[in-house]
Amino acid sequence: MDLTREELLEAYRTLRMIRAFEEKLNELVTAGKMGGFLHLYIGEEAVATGVCSHLGVRDWVASTHRGHGHCIAKGVDIRAMMAELFGRATGTSRGKGGSMHIADVQQGMLGANGIVGAGIPLATGAALSAKLKGTGGVAVAFFGDGATNQGQFHESLNMAANWKLPVVYVVENNGYGEFTPTDFVVPVKDIATRAGSYAMRSEIADGMDFFDVYEKAGEAIRRARAGEGPTLLECKTYRFAGHFVGDPLAYRAKEEAEDWIQNRDPLARFEGQVLEAALVEADDLRRIDHDVEEELAAAVVDAEAAPPPGLEELLTDVYARGES
Amino acid sequence: MTMEEGTVVEWPIAIGDSVVRGETVLIIETEKSEVEVEATASGVLRHVYVEPGETVPCATILGAITGTMDEPFDPDAFAAEHRGPQPAASVQPVPAVRPGAGAARSANQRAPGGHKAVAPVARALARKLGLDPEVVHGTGPGGRVTKQDVETHAEARERLVMVEDGIALEVLREGEGDPVLLLPGFGTDVSSFALQARVLAEHHAVVGVNPRGVGLSDAPDLPRYEVARSAADAASVLDAPAHIVGASLGAAVALELALSHPDRVRSLTLITPFVEATPRLLAVTRAWCRIAAQVDAEALALALAPWLFSEGLLADDTIRERTLRGLTASVAKVPAATLERTAAGITAWSGARRNDLGKIAAPCLVLAAGADLLTPHADTIAAAIPGANLIAFPGSGHALAIEVSGRVSEAIHSHVRRNTGLRIPDSIP
Amino acid sequence: MSRVLSVSQAINEALTIAMETDPDVILLGEDVAGGGTRSGDDVEEAGGVLGTTKGLVTKFGPDRVLDTPISEMGLIGTAVGAAATGLRPVAELMFIDFLGTCLDPLLNQAAKLRYMFGGKVRVPLTVRTVTGAGMQAAAQHSQSLYWMTAGIPGLKTVIPSNAADAKGLLLAAIRDDDPVIFCEPKRILFQAGEVPEGDYEVPIGEAAVVREGSDVSLIGMGATVATALEAAELLAAEGKSAEVLDLRSLAPLDEDAILATLEKTGTVVVVDESTPRCGIASDVAALCVDRGFDFLNAPVKRVTAPHAPVPYNKALEDAYIPSVARVIEAVRECGI
């Protein structure tokens, strides 16, 4: 493992921030302070963190409805994210996007997306841009197991493989497509095997293990950047929370969830790994925990105090030039 | 409003095709619109006199319908036989309504809600001009009042003459020379004198007055439109003494004018006059008021025709239908409220001048109709007026000016000529 | 200077100019290169199924003229992603009928990214697509579905009626920072007209009065402009003066131009090749009633295709397409 102490602490900070951010949202929604549909990323933090640790601002990420983790890992300002979730003018989308449309194109974040599978061709197009413009950038599409049943997935993989685009398709296989278990609707055991149809390289990573994801994503991204074509990286993971905040979770066994949560929590696992290897001190991690809590608390205070968008915002940015 | 010529656009049926009365057999184009002409009889289209593209004057025979293709037929003889009198009143074009146009209502009929169809731009223009768009005569499909109709109406309004108390009357002027004043009968407008006006205008300044509540003339909300008041109105319209021509109620107004404003009267022509309304005249007047309030102008004209015209006219399909169209257009200009007020004026005036006829000094011509059901005592009136001449038209009905329009024109012309100082031709062309 | 070119050639010329003047402009779609990337004496590039993009791959190379698989959702979605990240792609959706296979990238991505992202992204995407009946291509290759894209906020939709406008509108569309659906009506694609040389744009959102008149306004778009002009000619022979307005841009709609011609004539007949429900003709009629009510001298008439799929049989297809006779009939129903 070639990660420095600083890089490890940064990775932990991202893992912790995602976890804390989502828990804070859960708390705010339950308190009635936030509207809309929220899909929490808790349990899957190692995937976004492990992949995005390799990415810079010239690289692109297209995300999903469960996108907060990808945004945080890609470097989107959490204060702007929190303000967006509060629907404030200071939000990433000036309060007009909400949870499913947080984006920061300057940071290479092509947005969360309300349509399952829709980010896949967007990342493919971003990879086409990077290739034709010679930026050296790569594009990463995060999507769930459910999205691999969409036409957009297959059409995009086919084109990207054919054109050897610098793109990595990261499927976060959390075992459920909304309420339906993946094996009810997907005939293959490993989604990674779907790459075979497109003569595309594939890889399976333990999505609960930051280091496994980090290593396999690193290789896929290196290959993409080197012009060796796309990879389908399947990260096996688990959604600790429901499909959305308020999901009664009647469709899955409590024991199953408890097992994942108690025994395979990616944050606990990371902590165990780094402490065991004596790469960082426990105090470093607790200090990060504390800083993250403070940062989030401040973000909430700022967001609540921020102004809402003016009514004129209703009609701005429908078009770049000329209005309807 | 008077249509003077038309162009044949299309014969939708071919010679030999059978037609049913009322079916469209011909499309002609007038100055402004396409008009569908309905068959006046059932049979087969036997002959076409005027081909599409040709423009011909009014009253030209365009085609012939016979019972069958077998019966004897001579186109020239048929044309000569059916070349009837000129249309007395203006011909009211029936706007062409195409299938699917959805304009099933006849021209100027109001919608069930009581509102006439008015194009929005026409309504807006009327609002701007301070006009009530619903009084405007509509020429659009289904009788819709168009912007052009409002403009035409507004132009006509400019011809209004103020008489008294802010009352404006619609006065139509045509020609130059000695003034000849035309006073229409009950329930009709001056278009009922359309043919006479045209002839007289060749030598005279013809002045047609629409009485209160008729056409564009103001309709003050009074219980009665007094005959004497109508005479005073007519006097105020005149700039100089005039030859006065009145029919029926118009003749009553003319009589009143001659008695109360003798200085305004150079000669008097009384067409089917009365001084005392007969019970039948009063009954028809009452029916007229009631029918007009309930049906459209076309139905009203149909109901009136038996009282106004002779059996000879009613027997001729072509002439009857043409006459009915003219009458329809004329009675459409008189709303029910005006009829009620005018009828009340007749009742009040009836008999009031019974003993005054001897006082009339102006040269007087009385035209009497032999088959007049409404005013049968014109000859008695002629006898009572000093020096009056009487011309009787034996087989004619009450609406003489319409029924024998040409001869009435000639009679008026001669009478006027005899009583004017200017040299004008002895006969009309 | 101008010369006579077909609409198809004018489009090709616009694409050439756009690619010469901006290296970020790329073409992608099914068959747009069309074999031109594979050398061989007996191989000729097709340049699209109707040959519109012929020669471009030779001129600009396979990196900028990309044949895609038959994957409308993938190719349009990829084009949206490329547009959001610095390219200015021109994607070809072979026939607008195929909108059903790629609606999401247009409806939920291209149209909304800018708004959803608070104005922080541009999507300079052009989708060229062939529309309309007239080639006996039947129900799935003949529709005029521009009303669908025109109804989606965030998309612009344009439709030229002649070669000169086709060139200028396409250049404007490519250089526009918003996604633009550029419709290529089948019936005019191979019609010739004067086309100015050089680089020029026809502004999006501006209708054009293509014939002045005073009695009735005939409003057309794409191929129906010619129908309206022909009707205007017949009406002129009767002494009736028809104005013809070419919408050119369906979204944004030039409402001022529509209201101006309505105010002038008081009578509007909209000629639209698409189906009647929820269409451009209905939209124009609604605008006239909503904002031009006091100008109306007659009902606003819509001459459209029937509410039916496009038939194959030639006679039926001819009956489907709004005809000059139906325009004249509508004018008559207005009392003109």
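Note that the chains are named A, B and C in the order they appear, and that numbering of residues resets to 1 at the start of each chain.
Please note the rule applied: contacts are C-beta pairs under 8 Å (C-beta built on N, C-alpha and C of every residue); 3 or more make two chains touch, one makes a residue touch a chain.
This structure is a prediction, so every number in the text was calculated from the model and none was measured.
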- If you tally the C-beta contacts, which comes out ahead, B-C or A-C? A-C
- Most centrally placed chain, judged by C-alpha centres: C
- Item | Inter-chain centre distance, chain A versus chain B - centres from mean C-alpha coordinates, in Å | 89
- Task: Mind checking the centre-to-centre distance between chain B and chain C? Centres are C-alpha means, answer in whole Å.
- Result: 57
- Centre to centre, by mean C-alpha position, how many angstrom separate chain A and chain C? 39
- Can you list the residues on chain B that touch chain C in the complex? 33-34, 95-96, 98, 100-101, 119-124, 139-141, 144, 146-148
- In the complex, chain C residues that touch chain A: 24, 26, 63-64, 66, 68-69, 71, 73-87, 89, 104-105, 108-109, 113-122, 124, 153-154, 156, 176-178, 204-205, 251-253
- Which residues of chain C touch chain B in their complex? 266, 293-298, 329, 332-335
- Item | Interfacial residue positions of chain A with respect to chain C in the complex | 60, 62, 91-97, 101, 103-106, 110-111, 113-115, 118, 120-130, 132-133, 135, 139, 151-152, 154-156, 158-159, 162-163, 316-324
